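Chains here go by letter, A, B, C and D, matching the order in which they are written, and residues are numbered from 1 within each.
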Amino acid sequence: MFQNFPLWPISASTMSGRVDALFIFLLVVCGFMTIAIFVLILFFAARYRRRPGFEAEQIEGSNALELTWSIVPLAIFMVIFTWGAVIYFQGRTPPQGADEIYVVAKQWMWKLQHEGGQREINELHVPVGRDIKMIMTSQDVIHSFYVPAFRIKQDVLPGRYTTAWFHATRAGTYHLFCAEYCGTQHSGMIGQVVVMEPAQYEAWLAGGTSGAPLAVTGQKLFAELGCSTCHRSDAQGRGPDLDGVFGKPVLLEDGRTVTVDEDYVRESILSPAAKVVKGFKPIMPTFQGIVSEEQVNALVAYVKSLAQPPPGQATRSANLAAPQTHTEQVH
Amino acid sequence: MATAAFPASEREHYLNKDYGIRSWLLTTDHKRIALLYLLSITFFFFIGGFFALLIRLELLTPAGDLVQADTYNKLFTMHGQVMIFFFLIPSIPAVLGNFLVPLMIGAKDLAFPRINLLSWYLYIIAGVMMLHAMLTGGVDTGWTFYTPFSTAFSNTRVIEAGLSIFVAGFSSILTGLNFVVTIHRMRAPGMTWSRLPLFIWALYATSIIQLLGTPVLAITLVLVVLERAFHFGIFDPTQGGDPLLFQHLFWFYSHPAVYIMILPSMGVVTEIIACFSRKRIFGYKFVALASIGIAVLGFLVWAHHMFVAGISLYSALIFSILSYLVAVPSAIKVFNWTATMYKGSISFSTPMLYAFGFIGLFTMGGMTGLFLACLGVDVHVTDTYFVVAHFHYIMVGSAVMGYLGGMHFWWPKISGRMYPEGWGRLAALTVFIGFNLTFFPQFILGYMGMPRRYWQYPPEFQILNVLSTAGSTILAVGYVLPMVYFLWSMRYGKHATDNPWGAAGLEWKTASPPPTFNFDEPPQVSWEAYDYEHIPAPEEVPVAR
Amino acid sequence: MHDSSAAVETHSPALRHHFADMEQQRDAASLGMWLFLSTEIMFFGGLFCAYLIYRYLHFNDFAAASQTLDIRLGAINTGVLILSSLTVALAVHAAQKGQRKPLVGYLLATLVLGLVFLGIKGVEYADKFEHHHVPGPSFHFESVPVKGHAEMPPAESSHAELFFSLYFAMTGMHALHMIIGIGLFSVLTFFAWKGRYTPEYNTPIENAGLYWHFVDIIWIYLFPLLYLISRHH
Amino acid sequence: MSEHIVSRKLYVAIGTTLLVLTATTVGIAFINLGPFNTIVALSIATAKALLVILFFMHVKYTSEKMTRVVIVAAVFWLLLLLALSMADYGTRLWH
């Protein structure tokens, strides 16, 4: 009746070992303290049980003891805090050069898109041994991207990007859960992460129908939506030139400086008047309701690609002009 | 002072002073209001418990087969709302606190008796609104009302439920206000702060949270209602709002609210341990200050519910370290209870068994709280059954254990009758076993990765869910038993003496049940708290061989 | 704390049975009122918190939206409320001295000033409806530069809507408190006219006064926060 | 609570001061002080609030310590709410 009955989750990423180690440390420390308290209580209960002829001995208290059992636990807590903070910091800091996956969550499915243009629904294929970074947003309510085998979880919010990353260490198929309650079919918003050996992954990439890389889709959209009439690279446009701006700080009309990251590009498309670059007028129309979350992602990927290989423009055009055969995998 | 020279049935006391429904519904006697609360919260406890049983039954199998997905979502939502706002928050303060605060400090009543009655009526109005919301479609947002689901996506009765909790909040605020004023202004001559029972200190700390936390929840719910009804966009991302702000404001109240539930329970357990160890509480001052410390520090940790929600990395660090600070006063309490038993004269009466159970479950709940405050581990276990297990250990395991322990401890004072001791011990044991069977497997489920609020789940989680469901039936029996024998004892129980446990405290110096104005003559206090060396242990209390 | 043996047995008809003496009763009522006001601070505190955060995130949009509020009406209303606080203070003074007629007079003046405040607020709200500045489907906002000042930073319409959501929530909650206060003072005026309040017993006047002053203080903060953002543009 | 009765003249003086401060804050709002506009506006508001609390609400004259404790506690709690939520929003863009 009960096929496989494990008591420990599968461990399949670089993060899982670290989290497990800390978890086991906590189990040992807290387990020891808990058992010590239990034993003490049971011992006192038996040793000092009420018997005729024995009176309780009144004790006022002891400042030394109180100090001890405040400071010693606090010291232990600080060790736990520091260890946990280090792991959390690693989890929140995606490594440079990670492969990027754009995730759009909606009631009640996961839509995932690779940089190469492959789309998937409720299934994510990734190679073993590479850093994978997810750039996630939601179309409706709050969801949460949770892969127990990787020990990662990150809420996916409407209206902004959140990120998570992992480095799979073991091929296999793992649960992808939505961990933040999101309505009727919350428990049906389950997918799987398929971690493959590099060779198989290449085969999987080659196996599907072709689709343009995300940045190319973005470039097309950029032209179709008329963005390119203002955002020109000759510095004559009514909008700022987007070449090479990604990742750089820009000065705004109101004197603030912001770094151009995914969220800023996104906000500029959807709420263009919010943070206008110095020297430009707030004349850009909003694209809220005009472009879908996936199209925003494509545009972000395009703007990002404009900043990529810094040396020479040749690489840039080569990058985008040659769409290799890519797969379109929709499940 | 007052001794039961003649049986309670012949003497005038608060129960037989007058009869009839009007004498109850218009009473301003804090003891009668406490009983009104007792009836109402018991009603809601069994409604919430019924939802819980349905939830557990649904989870017996991985497929969603007993109820529909929508129904399941409503079940866990209403289970949470009913249990938290209509049972746990009022439980000890409004029942035992109402009954005992004036008695313990030697006052005739609370400072504002009519406001006390008003607060019960507000509770009832809120309860009726909540029942109405349930019967006309229910709510499916989770008790947490997270936006934008609650404001823009749920099709259920969010507005009514939100307003219901708004009204219940005012009931809670008025209770807290009454307690603070009473404790400051109504103490009997000689009842100094350092002579107050620690239960009073715990309720004082609880009241601070009720006063300063609840209004923030109230305004947050108002904003949710405005957003839902009139399209205000305060938490709406399409208007530049931030759904995380809702979470900040919500948890600013709702984390301290956990301490509203647990602090009074700690107070009860402190009284019980002192009485059945026949000792002054070890480190009185530290236990008292720990209550206040928990109330204050409890306000500084709320965003530990939001470590994966998208808050800034740096604020996560701040909230994590602050969360460890609030663990210290809790640890101080556990150590002091243990130390109080040292060289005591311990008897294993029913209240003491509940107190043991409380310490055990609270220790486990508290320790697993350390896991959740730990950033690296929290990412994996938050929003899973690990969290569910953790907060049930605190809010059900500990808080309800304390509540039941207190009900047994003060039942002779409240009703003038003794409950059957054998049944009492059996029920305590049943609750303890049933509870652990229900919730311990959920820790494992959580670390395995089973998310909370799942109507159906992958089959590998089944066996632990079956264990949990089995445990919940035992737990249900454990919770029904006391209700049955308490009712039984009201008619058939042995008459209680004024002080059946040989306990310290002013409430034991008046008759059982007490007269309407509590004391025949105004008490003058000239002794320290827990002066057990001057009180003989009664013979009724069972002695181990 | 309260040595009941030392307290003189004053059997005022207003003394409730569970208090030892009038002083204890008055102290309890006063502490209760202050505690209630502390909960009110936190109630408005949630709104102030939301306001602070959004103003920090969308300062320019808030400034642009704030320009559309009528600063004259806002300032006049601030004055009206301050005057009403003054009449309340004078009413408490009259009650302490046991002067019935001045007491009724000051209470009536307070009521009138309170109604004037609400009237002016109503005019402002009506203006917002006319200009489609009420959040909701028909909301419309264009960051038209104020007369003669073109250098106003641009504003995002959706963020301006956020400002107005907060504007209505904050001033609406404040107005609701004003309405409750006016109800309260109507009752007090009636009883004052009947001569219920004496120099010994005037706690209701005193506590209602505290409430009114508190509502005034909330407005003292709302006025600069909502009306006075970057007015120099 | 002590029955300290304040003179009517003082009340009128306080009321006048409050009106003058209101006019001042409106006037200053039209002068460009950069970030200090907000600071000045809030300082004036706080001064006004203090006048109301101390004189109109009699806190200056009360012998009751608890009144002050309650006010300070409530303001402190409000600042906790503001400061700790800003700790999130203020550091979101740090990398």
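Assume contacts are C-beta pairs under 8 Å (C-beta built on N, C-alpha and C of every residue); 3 or more make two chains touch, one makes a residue touch a chain.
From a predicted model like this one, the values you see are computed outputs, not experimental measurements.
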Looking at Cα centroids only, farthest away from chain D lies chain A
Per-chain Cα centroid nearest the overall protein Cα centroid belongs to chain B
Chain A to chain D, mean C-alpha position gap in Å, rounds to 43
Cα centroid separation, chain B vs chain C, in Å, comes to 35
Chain B residues touching 2+ other chains are 184, 212, 216, 238, 240, 242, 244-245, 248-249, 252, 313
Among all residues of chain D, those touching at least two other chains are 66, 73-74, 77, 81, 85, 89-90
Going by residue number, chain C touches two or more other chains at 27, 31, 35, 38, 41-42, 45-46, 49, 53, 57-58, 61, 156, 158-159
The residues of chain D that touch chain B in their complex are 66, 73-74, 77, 80-81, 84-85, 87-92, 94
In their shared complex, chain D is touched by residues of chain C numbered 26-27, 30-31, 34-35, 37-38, 41-42, 45-46, 48-49, 52-53, 56-57, 71, 75, 78-79, 82-83, 85-86, 88-90, 93, 96-97, 209-210, 213-214, 216-217, 220-221, 223-225, 228-232
The residues of chain A that touch chain C in their complex are 253-254, 271-274, 276, 281-282, 288
Note: in the complex, chain B contacts chain C through residues 107-113, 115, 173, 177-178, 180-182, 184-187, 189, 211-216, 218-220, 222-223, 226-227, 230-234, 238-242, 245, 248-249, 252, 517, 522
Contacts from chain A onto chain B in the complex sit at residues 2-9, 18-19, 22-23, 26, 30-31, 33-34, 37-38, 40-41, 44-45, 48-52, 54-62, 65-66, 69-70, 73-74, 77-78, 80-81, 83-89, 91-92, 107, 140-142, 144, 146, 148-149, 151-155, 157-160, 162, 175, 177-188, 190, 271, 274, 288
